[in-house]
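The two complexes that follow have subunit A in common; it is paired with subunit B in the first and with subunit C in the second.
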Partner chain A sequence: MTALLSVRDLTVKFGALTAVSNVSFDLERGGALGIVGESGSGKSVTCRALVRLLPDTARISGSVRFDGQSILDASESELDGLRGKHIAMVFQSPASHLDPLMRVGDQVAESLRKHTDLSGTKIRQEVLRLLELVRIPNPENWLHAYPHQLSGGMKQRVMIAGALACQADILLADEPTTALDATVQKRILDLLNELRRDHGLSIIFVSHDLGAVSAVCDDLIVMRRSELVEAGPVADVIGNPQHDYTRMLIASHPDRQAITTARRGTSGTPLIEARNLHVRFGNRTLSDLFTGGDSRFTAVRDGNLVVRPGEALGIVGESGSGKSTIARALVGLVQPVAGKIGFDGNAAQITGARRVGYLRDVQLIYQHPYEALNPRMTIYNAIAEPLRRHRLCAPSDVPDQVADLMAQVDLWPELASKIPGQLSGGQCQRVAIARALAMNPRVLIADEITSALDVTLQAQILDLLLRLQKERGLTMIFISHDLAVIRKLCHSVIVMRRGEIVETGPTEQVFDTPETDYTRDLIAAIPHLPEAVPMRSR
Partner chain B sequence: MSTLKYICWRLLMALPVLLGVSVVTFVLMAATPGDPIRLLAGARADADMIALVRERYGLDEPILKQYFIYLKNLVQGDLGNSLRYRQPVADLIARHYPVTLFLVIYTVVLTLPPVVFLSVLSARKPNGVADQVIRVIGVLGLAVPVFWLALLFARFFGAQLGWFPVSGYGETFSEHMWHLFLPALSTMIWVVPILVRNLRAALLDEMNRDYVQAGLSKGLGRKQVFRTHVFPNSVLPTLNLFAVIVAYLLGGSVIVETVYAVPGMGNLMVDSILARDYFVVQGATLVFALTTMLVMLAVDLLSTVIDPRITA
Partner chain C sequence: MFLCGLTLVVLWGIVALAAPLLATSDPIAINFEAILAPPSSEHWFGTDNVGRDIYSRVIYGTRLALYIGLLGVISPMVIGMTIGLLAGYFGGWVEMLAMRLLDITVPFPFFVLVLAIVAVLGPGIENYFIALAMVGWVGYARLARAEAIVLRSQEFVLAARTMGFSHGYILLRHVLPNALSPVVVYMMTDVTLVILFGAALGFLGMGVAPPTPEWGIMIAEGQIYVSTAWWISFFPGLAMILLGIGFALIGDGLARMLRIER
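Our next item is the complex of A and B:
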């Protein structure tokens, strides 16, 4: 049997830059192939090159044959006949890949209108069937909704429904779950498996997450720096990796990292605590008064947390659960409407003249490292700024201090004169950490700092934090939707849902004997690597 | 239902704005040197005569009292009488307002097709030949002063070639179209480039959005993606700018109406200011303000229709 899709020596160049070099693989009908690699490895470009969905500057060579037809030689109109009808695509962030101004039903119907002769009620019926297929409850209700009225998971389902509309042979899924919460990710992965089983869909699944890929795919190719480094059945590649990079990728997976043994938090007075914290966004407006509405939104209700010196507290929950809001309230970036924040036995000075002193002790690190650094400021200046501003050391000592801080977070000294745009995401995040450490803080609040990073970088940052925790006795509040990360790092954990704390306790206890269904769902949703090599020990 | 409430709310909010506008114009007119009574009674009128006329128009009262009398009449729907024309201000406005409205709508109707056409042409190939030519001509259009261009058009198309009349408004609809063509054209010359620049930028922005990729991946083709996704998404920022420009056109009608002697609000306004015709200026300003607010309201409502994320 010949392959449904056959790729030989695929090379994609953007000017002098080679994005994909000599990649070859086959996809059988009904098969599922995973492409993994870190960002910039060319996996996304490979995926898009299969339907020539690349900017005009891209030069593609090699051969891509779908069902005997050469895609690279196809004309634009032939391609349009192929795209959506035979090869459909699902993208990473459903929010930006749906047209905000078009009703959900119409977006699903688009390819039906283009590729089939169906019309009117027939299209409506078909759209309803598709929405049902991707497990959207009460599809009639959502037909006329706009994308912004849907949750992230629902949007991804709509996008998948749109891709499946014409019963395509191949679904190209480009990081379809990366932007989603773990629980939602699990449901989408289940859906893909189901579609494959029941409808014979062939899938190419691109991701940086080995766990997610192995949940769907039979075969795997690993890409690094635009080249294919390893290929084979999933179990073989994970069980018996041949290439160093693959081994590193597997070792970086939170599943395969040793769980730190239960560390007891220190006892004694809490260093930072919050009592009955209440955060509300928006104000009652005059028009509320007039229309009887309420434009306020309660983001955190009755938030309590206690962190003792040297302890690490994890806050987990789906997006929108209020976990970042708590962190922001702790440093006064949002004003709680009620509740107390205590620091070192006293009320925290989150406003007023002594706010500066408080912020030196409590530092926040943000999720997106590129956005948190001034793009025109060199790394040296970014780290030196707090030192100079707060006169933390003599002006003549600043260079030594900066060098010392950079060494602490494993940044090469040569990077000091670079600007953030020249650094990788992981390096930028280290700069952000060094900048926070420059204050010599007693509490570090890390808001999803690894979420925007690849697994390998994520593992490095986590190691760094663990080391800092050990060396400096840092107290940490670590916010993440990734439970595996929390488990590795934190002594105790708070589980949040829709602004409320649903469960709290020592990490081991919450993970091993979760009390609420919500926590159980969160834990069950962590994608695991197949147990080819038994690594986990309890 | 909530939309209706919203409209009522916005109209209610218009009242304090109108009040503010009336205060400002009243104070400004009172502070401007010049006396309407002297202009009215003529150069040879004696002091007694002037005092008599002044009393008849209530202009001998303290300024604050004058304002409250004016306000009281306003609430009763009485805009007062013109000092110069000796007829109700409401009648004057009723006669002049439609002319300006016609001119503004005419300008808008003439403006929109070239704006859409030129922006799409520009955005299709950014920095291509068409884009460069459109940009240069656009800058030229922006740089040329309206009154100078208006004079030039009047001279060339009106006087020299005799294609269009250089003054007046005409009687029938088609005569209006004919008479107002040059005024509308000269206004259009600077409005089009502004909107083209704005819409072009929005189009280029939207063309790089992820949903364009998604549309292409469904095999819709570039043309259809542009028509059904890119264009609707680009319209919104331009629409908001457009509202500001329409409001400005109402006020800006002064220049073209003067050059082409169009009997519209702009003309009425200029004449009344020169004659210190207090009540006409007051009334006209209020009408301008009200129109501006209605245009803004209309655009805000239109925005909610286009973009479901905006709630009224």
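Our next item is the complex of A and C:
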């Protein structure tokens, strides 16, 4: 049987830069192929080259055959017939690939209007059928909604519905779940599996997450620096990797990481604690004044947490659950409407003139490595800034201090004169950590600090934090939607949902015997690498 | 492109400084023997209705144009940036106050308001500058506010706050440098506008008093002769265009240089 999609020696060049070099693979009808690699490895470019969705500056060579037809030689009008109708695409950020001014129904109907001669009520029925297919509850209610009214997962479902509108043979999914919460990712992965099983859809799934890929795909190719380094059935590649890079990818997966925290008993007085914390956003309306109500949005309700010296606390939950808000309340970026925050046995001085003293002890590291650094400030100045402003050391000692801090987070001294734009994401995150350490804090709050990084970088940053925790005896609060990370790092866990703490306890207890369905869902959604060699039926 | 603009403006600067050397005759000397003379070897750009040499007047006019243009944008820029950054960064009642002030200024056409203020204060360049400061800040404030609103929730500004730095320091060190580039570009286009409005004021008799060589007044004076003696308005107009293009190119170039690749 010949392959549905056959790619031979695919090479894509942008001027002198080779983005994809000699990539070959086959996709059979009903098959699912995963493409894995770090950002910049050429996986997305490969994916786009398959449907020639690349700028004119790209030079593509090799051959791509769909059902015997050469795509690289096809005319623009032949391509229009292929794209959408036979090969459909789903992208990483559903928010930016849906037209914000177009209603959901029209969005899905668009390709039906273009590629079929259905009309009026037929299209409506078809759209409803598609929305049902991607498991959108009560599709009638959503037909007239605009994209901004939908959650991230719902948007991705609408994207998939649009892609499937013309019973495409192949779905190209480029990091479709990267921007989504673990539980939502799980549901999208389930949906893809279901579409494959019930409708014979072939899938090409691009991701940096081996776990997610192995949940959907039979075959896997691993790309690095524009080249294909390994290919084969998922179970073989993961069970018996041939290339060093593949081994590193597998080793970086939280499942395989041999990180162990010193899980000491939790005794002693709490270093940092919050009691009955309430945070609300927005303004009171006039009607509140008369009714005595409060129409502000409640971001955190009755938040309690206790962290003892040297402990690591994990806060998990979906996006919007209030976990970042708690972190920001702890450093005074948002003012709670009620509740107490205590530090080292006293009430924390979060506002006012004495806040500097408190902030020297409690530092927050942010999620986005590039955004957390002033783009116009050199690395040296970024790290030296707190030392100089707060006179943490003599002016003549600043250069030595900065060099020392950079060494502690494994940054080369040459980077000191660079600006953030010249650094990689992982390096920027190290700078942010060094800057926080300059304050010599006792508590470090890490707010999703690895979620914007590639898997291998994630592992390195986590290693670094663990080392610092041991060396400096730091107390940590980890905020993450990645439960696998939390499980490896934290002594105790808080599970949050819609602003409320639904479960709390020692890590093992919460993970092994979860009390609420929500926690169970979260745990079930962690994408795991296949342990043994589970053979799938073809 | 930036270099082209810079060269143009620098050339104009040299012209302004070296005006006495470059001019072929006294810019305000009346010569009734050469009224409305077309461009010739004696009068390179021709003469006007009272026989003054257009070339020399254009050369001397450069001084006033650059003086008005450069000085006229500084105070609106400083006032506008300050109000805009404070409003955008702090939000709340500061923003409310600044925006209402803006709402009061915006509905009136720019020139009408400048005209009204100059009419009250009396004619003259100084009063024109005061009027500009009172009206012209609006555009800068809007731009700066928009930038500050984006920047205040950026993580590096939040990080500066959790480092315990004061608001004043954060505004100067972290917000201002990152909000500057659109403002600088706007300033460069504003220079041209300020020169043009200065000329229009002169035309209405509320700016520079004749016979001072000023491009706007010259264009206005040549208006009635346009069909018979085109050169009276043409050359000062050309000079104005070349200076305007120079500033616009500098603005574009600066925007490109100030932008940071992420």
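The rule is short, and it goes like this: the second predicted complex is superposed on the first by the 516 of 538 C-alpha atoms of A that agree within 3 Å, B and C clash if a C-alpha of one lies under 4 Å from a C-alpha of the other, contacts with A are read in each partner's own complex, and residues count from 1 in each chain.
The definition used in the following text is that contacts are C-beta pairs under 8 Å (C-beta built on N, C-alpha and C of every residue); 3 or more make two chains touch, one makes a residue touch a chain.
Values in this document were obtained by computation on a predicted structure and should not be read as measured data.
**Q** Specify the outcome, clash or fit, for subunit B and subunit C once both structures are aligned onto subunit A.
**A** fit
**Q** Does the superposition put A:390 against subunit B (first), subunit C (second), both, or neither?
**A** Second partner only.
**Q** What is the contact status of A:93 with respect to subunit B (first) and subunit C (second): first, second, both, or neither?
**A** first
**Q** Given Cα centres, how many degrees, to the nearest 10, is the angle at subunit A formed with subunit B and subunit C?
**A** So the C-alpha centres give an angle of 30 degrees.
**Q** May I ask you to decide whether A:80 touches subunit B, subunit C, both, or neither, giving the answer as first, second, both or neither?
**A** Touch status of A:80: first partner only.
**Q** Quick one: classify A:337 as touching subunit B (first), subunit C (second), both or neither.
**A** A:337: touches no partner chain.
**Q** Would you sort A:370 into first (subunit B), second (subunit C), both or neither based on which partner it touches?
**A** So A:370 only meets subunit C here.
**Q** Touch check for A:51: first (subunit B), second (subunit C), both, or neither?
**A** It touches subunit B, and subunit C stays clear.
**Q** Can A:524 be said to touch subunit B (first), subunit C (second), both, or neither?
**A** Neither partner.
**Q** For the superposed arrangement, tell me the lowest C-alpha distance between subunit B and subunit C in Å.
**A** In this superposition, no C-alpha atom of subunit B lies closer than 5 Å to one of subunit C.
**Q** Need the overlap of the two footprints on subunit A, from subunit B and from subunit C, as residue ranges.
**A** On subunit A, the subunit B and subunit C contacts do not overlap at all.
**Q** In the complex, go through subunit B and note every residue touching subunit A.
**A** 2, 5-6, 9, 209-211, 213-221, 224, 228-229, 232-233, 306-309
**Q** Over in the complex, which subunit A residues touch subunit B? Could you list them?
**A** 51, 53, 76-77, 79-85, 88-89, 91, 93, 96-102, 110-111, 114-115, 146, 148, 159, 162-163, 165, 172, 287, 290-291
**Q** List the residues on subunit C that touch subunit A in their complex, please.
**A** By the definition above, subunit C touches subunit A via 154-156, 158-165, 169, 173-174, 177-178, 260-262.
**Q** Going by the contact rule set out above, which residues of subunit A touch subunit C in the complex?
**A** Of all residues in subunit A, those touching subunit C are 328, 331-333, 355-356, 359-360, 363-364, 366-368, 370-376, 385-386, 389-390, 419-421, 432, 435, 439.
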